[in-house]
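Notes follow the structure.
Naming follows writing order (A, B and C), and every chain is counted from residue 1.
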Amino acid sequence: MTLAFSLQRILEMLPAEVETVGDFSGNITGIASLGSAAAGDLSFLGNHKYRAQVAGSKASVILLPQDYSGEPASGQTYLKVARPSFALALICREIEQLLQPPPVPGIHPSAVVHPSATVSPEASIGPLCVVEAGAVVDAAAVLESQVHVGQHARIGSGARLFARVVVGDYCQIGPRNRLLPGCVIGSDGYGYEFLDGSYQRVPQVGNVVTAADVDIGANTTIDRARFGSTCIGAGTKIDNQVQIAHNVRIGQHCLLVAQVGISGSTEIGDGVVIGGQAGVAGHLHIGDGAMIAGAASIVKSVPPGSKMRGSPATEMVLQNRIIVLQRKLPELFKRFDQLEKPTESLA
Amino acid sequence: MTLAFSLQRILEMLPAEVETVGDFSGNITGIASLGSAAAGDLSFLGNHKYRAQVAGSKASVILLPQDYSGEPASGQTYLKVARPSFALALICREIEQLLQPPPVPGIHPSAVVHPSATVSPEASIGPLCVVEAGAVVDAAAVLESQVHVGQHARIGSGARLFARVVVGDYCQIGPRNRLLPGCVIGSDGYGYEFLDGSYQRVPQVGNVVTAADVDIGANTTIDRARFGSTCIGAGTKIDNQVQIAHNVRIGQHCLLVAQVGISGSTEIGDGVVIGGQAGVAGHLHIGDGAMIAGAASIVKSVPPGSKMRGSPATEMVLQNRIIVLQRKLPELFKRFDQLEKPTESLA
Amino acid sequence: MTLAFSLQRILEMLPAEVETVGDFSGNITGIASLGSAAAGDLSFLGNHKYRAQVAGSKASVILLPQDYSGEPASGQTYLKVARPSFALALICREIEQLLQPPPVPGIHPSAVVHPSATVSPEASIGPLCVVEAGAVVDAAAVLESQVHVGQHARIGSGARLFARVVVGDYCQIGPRNRLLPGCVIGSDGYGYEFLDGSYQRVPQVGNVVTAADVDIGANTTIDRARFGSTCIGAGTKIDNQVQIAHNVRIGQHCLLVAQVGISGSTEIGDGVVIGGQAGVAGHLHIGDGAMIAGAASIVKSVPPGSKMRGSPATEMVLQNRIIVLQRKLPELFKRFDQLEKPTESLA
């Protein structure tokens, strides 16, 4: 990508309250981290960890928090804003629109759309997509390429389905959802009954329903309900390779980081954050606002606002203490051996 | 979906031994859990945990175990059966057939089938599927949409491959297998030799062979053997996002829950159950009937019938004890500090 | 596959220094492990664990290390070589070429290639692939089937993309990369800012760049950078279902085993080995040559050459000791209870 934004143009993308310090007067031609930026680059301080790198950064323009006290070098400009990371996001939003112009509405001639499907004239159906019987694709939805939309499924307005997404029969995708490449919505739930020496499949006749503004990561899988719906609440953001089993209900504005697994029928409240590779067993309830650390295994229900860690998980404060003490076990056993000896000699 | 089954029609779907109590006399128009059911819904008690919800459930018909002692409300009917969960599965099987009628046999005009491939006239090849040279698709097999069947692969009779399944060259899929969307059967095994400063790939010239009645979950991956075959035994059910490495052999009637990983050349006996996110190292043997808890890491072979838990795993009884005692470590260290003091004062 | 190689033909595939002992004089018609081999099979001793199986093996030809001291049976031949496993790889390489002849160059008529894309006449674009505007496919690259190459992406010379691979817009795949089925390169990074009660997406305007000779496993996902590039170094081999977040940088000649997860902005040095299901938190640095055990959770940076294990991980020597002592906790608590009693009676 080639990029050339004047400082004036950058300021137009940001909220009004920006304190400008310095004398940079060229074009911004790239974005880079503090440590790797060169002249012409915009950079930012988004994580306190990197504060010491600001002074030496070669970036021409740096987005900084309002309390940053240093001075820019000659030919460099500091932009002090309430939230440097969000300010950068606003600039990147404009760059993204330049890089990825919205697709033209219409159906690519190589797509296979069933005559009984309903596709809005404002929707875009890319090459080699399949839209099955009775499916509905709402206005301004985009199916990028090689997407599969099953029978009687519905894709909400403004949703974007990237390459190779699968939406199974009868599933409903909410408005403005972003479904990243390879994710599978509405695969069969995993349910069997053991009978006469073998596992009999329990048919899964429910669906998956996602509310508005849900993002679903690449190669993530969300199973259809045994009956009723597997539900994802509004504004919830799911990362790559997450597995969500049948009849799970996830609330609003949750974050599920990569490789998390949620077992069947578990309910997750609003505003829950679950770290990467964590797992939650089935038929549990995770209260609103709970935070679950990466790699944790949750095997009991969790009250609202809890912070959990470990496998199996405990309250984080206890787990942190356990972790410290485990590392002292060699010392403890040694002290213990020494303690036993004199005691025995006393006997 | 709209659904209207009379009680009589429901009873026809169930085994003969049903005890009917109550006076419901309308149509069943939905299925719901005990807590969320409304009038017209069928519900069931499948997990003892929910027993207290039966009495207050608004469901019109409830499938219950034979020993359930309460009485239905007016206008409500209880059906007492040997296995409520399986009874529900029988009803759902009929619903599923209504929802997803079997595809018409034949090859969709958009599919790309190599002239040297053999496709049964009773098989159904959906839109945008690819069937490569020398492949064989047996009678009544269904390739839903955008499926890839590699050279000289074989798809057994009655197998169903959902959207975007990949079956690699030379692999053999058994009769009545269900391969869920996005799974990959027959990717290269992960094998390298380090030579002269870099990793040289070890070619993987074997295949994958699945026996009858195997289910494979969405986005699961099963690697082809270095030579010979990676084998999955009859009736084994594999959940989503499971990884099975080259030359693994899995027995009959096993359950592998989501996100499990099995490393190369490990052999798993019959009737083994492996919980979600568990991992098994390479070149091990897991005995018949072993149960491995979710999130466990198995680093040694496991005798038949073992129950294992933890990372690294131990026998479950020991691990459960360790988990309890870990949580007492803060208390132990405190008691220990106090114990040392008086002892030292005695010295 | 049917296979018939004379002993002479086998010897031609191997390096010169082979010590031949025995009198086998037929054709090699298969490859099998020591325990399962029959007459006509070639086998090998690649892992000391199986040494005792050599003497009883029915294989007609066995590749052995130079220090193996036993004698072959009548009609059997031992080939003693420096590296039996690598010798087998050389033989398998020839078999693989027989099994999977290189595809014919050219574009399959069912593929959808944008007029502004540049495809080398020596490249092979298989059925139902999509190559978007401005993309470049270099000489001798192979896109097997149903592959998606996004706008302005570049596929290096000799790269092989198996079925259903996705390479996102602007990503660059290095020469001779092997991308296994279903992997997704260049999905959006997972970045949000919480603002006014909901998560705002941080646009991800960077890309993914892989160097030469990188392998990427089935259904693995690698996210594009927030800005700049997510980078994979030369010769690094990534297994199935690995997740690599935005702005990660991985060095040369690393191994990442299946189901590993690397969080955003983490840097991994050269020659690092990460075992299956391990996770690395974000913004860390993993030093050159570090070895991380399977299922480990890395939450702090790791110096070069370290060996780490556990969740959260410690140096492996300490973790091994902790594991042993955890299993002695029941005994320790018992000894402790006994110790307290007499001590108290002394008080």
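The rule is short, and it goes like this: a residue touches a chain if its C-beta (ideal position, glycine included) is under 8 Å from a C-beta of that chain, and two chains touch if they have at least 3 such contacts.
This structure is a prediction, so every number in the text was calculated from the model and none was measured.
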Fill in: Remaining connected clusters, assuming chain B were absent and nothing shifted
one piece
Worksheet item: Since chain A and chain B are copies that touch, is their contact same (over half of the numbers shared) or different (under half)?
Response: different
Discussion item. Could you work out how far the Cα centre of chain A sits from that of chain B, in whole Å?
Written reply: 25
Worksheet entry | Residues of chain C engaged with two or more neighbouring chains | 128, 146, 164, 182, 219, 241, 259, 277, 311, 326, 332, 336, 339, 343, 346
Worksheet item: Along chain C, where are the residues that touch chain B in the complex?
Response: 1, 30-33, 36, 47, 49, 83, 85-86, 88-89, 92-93, 95-96, 99-100, 108, 110, 126-128, 145-146, 162-164, 178, 180-182, 213, 215, 217-219, 235, 237, 239-241, 253, 255, 257-259, 276-277, 294-295, 311, 323, 326-327, 329-330, 332-333, 336, 339-340, 343, 346-347
Worksheet item: Which residues, counting only chain B, touch chain C once they are in their complex?
Response: 112, 128, 130, 132, 146, 148, 150-151, 164, 166, 168-170, 182, 184, 187-188, 190-193, 195, 197-205, 219, 221, 223, 226-228, 241, 243, 245, 259, 261, 263, 277, 279, 281, 283, 297, 311-312, 314, 318, 321-322, 325-326, 328, 332, 335-336, 339, 342-343, 346
